[in-house]
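What follows is a pair of complexes built around subunit A, which joins subunit B in one and subunit C in the other.
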Partner chain A sequence: MNPVFVTLRREPAVGVASAALVLLFSIWILTTPNLTVLSFTITMAQKVPLTLVAAGQAIAIMSKGIDLSVGAVLTMSNVVIAAGTAVTEHSTILWIAAALGVGLLAGAVNGLCVALLELPPLIVTLATQSILFGAALYILPRPGGVVETWMVDAPLLLIGPVPLVLIVMVLVPAMLWYPLRRGRFGLALLSSGADPGAAFASGVRVKPTIVMAYMLSSLFSAIAGILVTMNSGSGDATIGTSYTMNAIAACVVGGVALQGGRGTVSGAIAGALLISFITNLLFSMGVNAYWQYVITGIILVLAISVPLIGKLIRRGGEKS
Partner chain B sequence: MTTNAPAPIVTRQSLADRTRQLIPLITLVLMYVATVAIAPGYFEPQQIGSLLQLSSILGVAAIGQTLVILVGGIDLSVGAVMTLSNLIAATIMAGRDSSLAAAVVTVLLIGAVIGLVNGLIIRCLGVPDLVATLATMTATMGIGLLYTKGSPKGSSAPALVSLVTTRFAGVFTGSVIVWLFLAIITIVLLKRTRYGRFIYAVGLNREASRYSAVPVNATIMSLYLTSGVTAALGGLLLTGYTGSSYLGSGDSYQMQTIAAVILGGTSMFGGRGGYGGTMIGCVITVLLVSVLRVVGILDAGQSIAYGAIILLMLILFTKSSKGKQP
Partner chain C sequence: MSSTSSAPLVELTGVSKHFGGVQALKNVDLSVRNGTVIGIAGENGAGKSTLLKVLTGVHTPSAGEVRYHGVTQRGLSPAVAKSAGVAHVAQELSVFEHLSVLDNIILGNAPLRLGMIDRRRAAMMAEEALAVVGAQVHVDDMVRDLGFADRQLVEIAKALVGDPELLVLDEPTSGLREGEVAHLIELMNSFRDRGKSVLFITHRMEEFFAATDQMFIMRDGRSVALLRTEETSSDEIVSLMIGGRMASLFPDPPPRDEQAPRGPLLKVTDYSVTGTNIRGISLHVDHGEILGIAGLAGNGQTELLQGLGGVRGSHGHYTVDGISGPFRTVRRAMDAGVVLVPEDRKRHGLVLPMRVSANMTLPHLRKLSTWGFVRRSEEHQLVDSMMSTMQVRPDDPSLPAEALSGGNQQKVVIGAALLTDPAVCLFSDPTRGIDVRTKFEIYSLMQRLAARGKAVVLVSTDLAEITNLCNRVLVMSHGRIVAELSGSDVTEHRITQASFQAVSQ
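== the complex of A and B ==
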């Protein structure tokens, strides 16, 4: 049976999020004056980092955890590249590798603390977030650093008619996640998230799976940080602060269950794009930028509570 | 069987609980001794007074956080509520003593409303506390920005400033007295009242509590409400301390309240610990920040230090409680 339909039936939230996304996307295309390929590309380039962070966050949440350090990993990635390139010119590739390394290390620490030491993911990632933000501030106390020209030009590139950033948004999850999802890891992750005890009893290696989940989460965030560096052209130790919250909201909107064991990365990506487009629309309607915060909070609460209320109503209707 | 007077709880404290109570105290003593050894100035009444002064602001805000964590929850909106109450209080007071009462009432009401919203979202909508308080935190930040339109105005009433800064006996400020007063109420509430027992019961085993006719929903909701109010109070004290308002003034306190609770030995899983530990945790936190500043490590290092210490303490305490579970 067509895997897309199977997924949609199992996770209706993904369908809803995608439908809403298509709607908003169309509205945006129709109502934006002077829409050129360039402005479209620039706009999409701004949205892609959040989709990647949300994808990683979804993986962590599916393991029955949460990763509050994603924003900080993104920031570290940005700061390492910008500060590093300022020190040694023309070795950006080296610093990109370093940024990815830092991300993987952070993910490993998170994963080990949660899986081996059995510490609550919330506090662990809160602590690592604190450490990483502090480290970023230490490396780059003031915004600055150097980003090579080819990095800054990259988001504007087109491959044929398609913006490179869109290709990246599709390729990165496709290469890093979907092979894992279809293989043993996907099953291991979801079963560990749904019921770790049962999973362990069924022979699933729960602990390594959880470590891997957090490492993937941080890896995605580190990659997002590379993109953010390309977008902004400089380093800023505060750049990632809003990403954590928005990524969690994106996951929730995209149907990832906070109690773990359910959800899809594509849902999280759709959720991220949805939230970005909502913000865009509000901005172009002239809504004060400060309302974004309030609205994100409300969206988050609504996105979680609506399915729960639906379940309550259904359960109430079933009682005879 | 119903009795009017709450029966004294006759339980022998387990080794884990005793450890839980002693470690923070020992840590504080060791830290303080080490600090005085490096910088003897810390032994002077002036410095001790400053430490207590800063601890009182953190301490008041941490009351709510302690209560919420005791039932196994968490409140990520404390910092944002402190900031909001700082912004609003300063604007209302505008440097006048006459507006002090209005500012206090308004700010406490707002804190209560935000706390109530947290409680409702968590218990009635079934949203996990992490997400709910994260959402209210974000919304509160936005409200603060909207209210001030990005540029905070106003300043603290002189009476409030003197409450927080004037010292008697060279050491204690009015805010410390307020803190001690609230602390006594909190500790008595937790250890000697039925409500306090409900809190520990819910924290230890929510399902069993429900079956034992403990009003779980009401308890949890009232705790989040309290957290909002104490955060607002903390924001008021902060206003008196700084004299005016700044965007994000209370944000650093968010991490600090959690740190204080953890350092004080309260378990993140709920049901174990208490406010006495948090008080010690507050002083440790403040001392740590102060020492870092003296050594020349500013925000960046503080951030790193917090994270590292929280991880360390988590590991220490979780091991001790996990080891004793049947």
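== the complex of A and C ==
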């Protein structure tokens, strides 16, 4: 069977999220005044970081965990690049590598604490988040730092008719995640997240799988931090605070079950874009910015309810 | 790994295993050579599953050695066992619901191509294994859509991938239908004929005699005997299992209590259960009666009890001792004196991490508390008294429920139900996976309940149970009652006949 069909059959939520996304995207295109290639590109550039953070978060959640430190890793990435470039002026590539290194290290620490020490993921990643935010504020107490011009220009680039940022949004998961997903790691991750005991009994190396899951989560967030740095052109130790919760919301909307063991990265990406477009639409409809929080919350509840309603209809009269 | 042709396939010497204070295995020796099928028999708690788990690396032994082909295994894990050709199917199925049949089967064994799973080769491997096992499922089906029997077959198919030398099966037939059991036994025989071996646990005597060359009997964590199947009898096996003779598998019913109430107690007419195909049910149960509900598994028997007990919604005319149902919640059913003992004791009967005493008093807490505080001394008394009535072993109410063997767990579930002092006791497959002695105790309990004037309803697919315990039997098919048998008509033959009858409407 075609892999796309296999995925849709396994996780119908992805289909729902994608369909909703296409719908919203069309509405947005049609109703936004003064839509130019440039404004489209800039808008999309703002959305891509969340999609990557959500992708990474999905991987952590699928391992039957959660990663509250994703926003902090993104922030550290941003701060390391901006503050570092301020010091050395031209070796941005070096600082990008350093930012990715910090991300991988944070992920490794998260993963080892969860897998080897068997500490609850919520607590471990909460602690990591705290440490990283503190470190970020120490490095850059006030927004500032330097970002090289080529970085700031990058989000506006087009490859042919397609904005570079969209290519990045597709390529990063395609290169980092999908080979792993199609390999043994994919099954190892889903089975470890569904039932670690049964996975172990089936010969899956559960602990290394979990460590890898958290490292991937942080890696995606670190990459997202690079993109955020390109978008904002400066360093800000508070820039990542909203990303964690939004990424979790994106995962839920995209069909990643919080109890672990199921879900898709494409669903999480669709969920991130969906939430993002809803915010855009509300804004262009003139809704007060504060109401956006309320609306996003309502949408989150609706997103979780859809599969439950389906289950209720199927089950008929049975209770619990 | 070097292999000497004289060394047995797998060998356990002096193996002991303890979990905290519980000694599950005591100095067990077992040697498995090529080309043999060994059945492992024993009561619940005898250590059979634990033995298999030590053999396949799920548990590490506290003492003793595990040898594969004469080589002592250190750091044995399920992955190592699998690659050494020892495949394990656990009693609690470890299938992954939200993965496809294909994913479940190749997990841990996936063929790779350029670092990614070769789906075509994987599908071929899986289809082959499914065919050998006789499963009628498609590799892309989602396991969550499969029934228990199919899941069990998928699990066995998974064990066959990688061409194992030793198949270790823990109750592989518990959910299977007759044809599937026969097919599995054929499979085990062909395995043996090809020079490989099978170790399997079952509680059904017929399967031992149909499939095995040897019988390994365990009791209380020790190995008691290794017999050639053709040289033994089921009586000998049972007496070795329980360490004595049992005059009969079924107790004689006690005399009815003179003071006990009589007459009709529960009555339903035109009764249906929501979300099922159960319609137009009319039945009644009297004081002191044990009513059996039989028929092929999956024809609504369990769901009917769930409706009567308030687990599922239902409609129709329903009275219990003057109180009218149907009951929308279990609490209301309990208050009316109707209590259901569910068939899935681990998931629906007990809170496994909670202690036995807490599990037992859970349905009864409101009556045990004043102003929200539980009256502890009263609770202790009730629990102690119920534990001795039910003969729960070990006799320690502070143990977590998960530490008890299956039979004793079932006793706790029944004890909890009885603490609510019900008038009507609904039992749904109460002796599934339970050893001979505990079954006897549960049968005896049901008879004592009836003698005291309670109404007992028993759903079971074990025809021996039904015919020995019940005065009257209803046979269900496709959600309707197709036959009512009483007195001398209550025979295995008549029940089976009626079970296959199609619903005329």
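We take it that the second predicted complex is superposed on the first by the 314 of 320 C-alpha atoms of A that agree within 3 Å, B and C clash if a C-alpha of one lies under 4 Å from a C-alpha of the other, contacts with A are read in each partner's own complex, and residues count from 1 in each chain.
Please note the rule applied: a contact is a pair of C-beta atoms (placed from the backbone, for glycine too) under 8 Å apart; a residue touches a chain by one contact, two chains touch by 3 or more.
Only a predicted model underlies this, so the values are computations on that prediction, with no experimental measurement involved.
Shared-chain residue A:142: touches no atom of subunit B or subunit C. Legend: residue contacts after superposition of the two complexes on their common chain; A:203 is shown touching subunit C, with no touch to subunit B.
When the two structures are aligned on the shared chain, A:183 is found in touch with subunit C, with no touch to subunit B. In the superposition on chain A, A:305 makes contact with subunit B only, not with subunit C.
In the superposition on chain A, contact of A:90 is made with neither subunit B nor subunit C. In the superposed model, A:123 lies in contact with subunit B only, and not with subunit C. Touched residues of subunit A were counted for both subunit B and subunit C, and B has more of them. Shared contact residues of subunit A, touching subunit B in one structure and subunit C in the other, are absent. Touching subunit C in their complex are the following residues of subunit A: 1, 3, 6, 9-10, 179, 182-184, 186-187, 190-191, 194-195, 197-205, 261-262, 315-319.
By the touch rule above, subunit B contacts subunit A in their complex via residues 74, 121, 125-128, 130-132, 134-139, 141-143, 145-146, 150, 255, 258, 262, 268-269, 299-308, 310-311, 314-315, 318, 322. By the touch criterion given at the top, residues 66, 113, 117-120, 122-124, 126-138, 141, 245, 248, 252, 258-259, 288, 290-298, 300-301, 304-305, 308-309, 312 of subunit A touch subunit B in their complex.
Partner subunit A is touched in their complex by these residues of subunit C: 58, 77-79, 82-83, 88, 90, 94-100, 103, 106-110, 112, 115-117, 119, 140, 142, 158, 273-276, 306, 311-314, 329.
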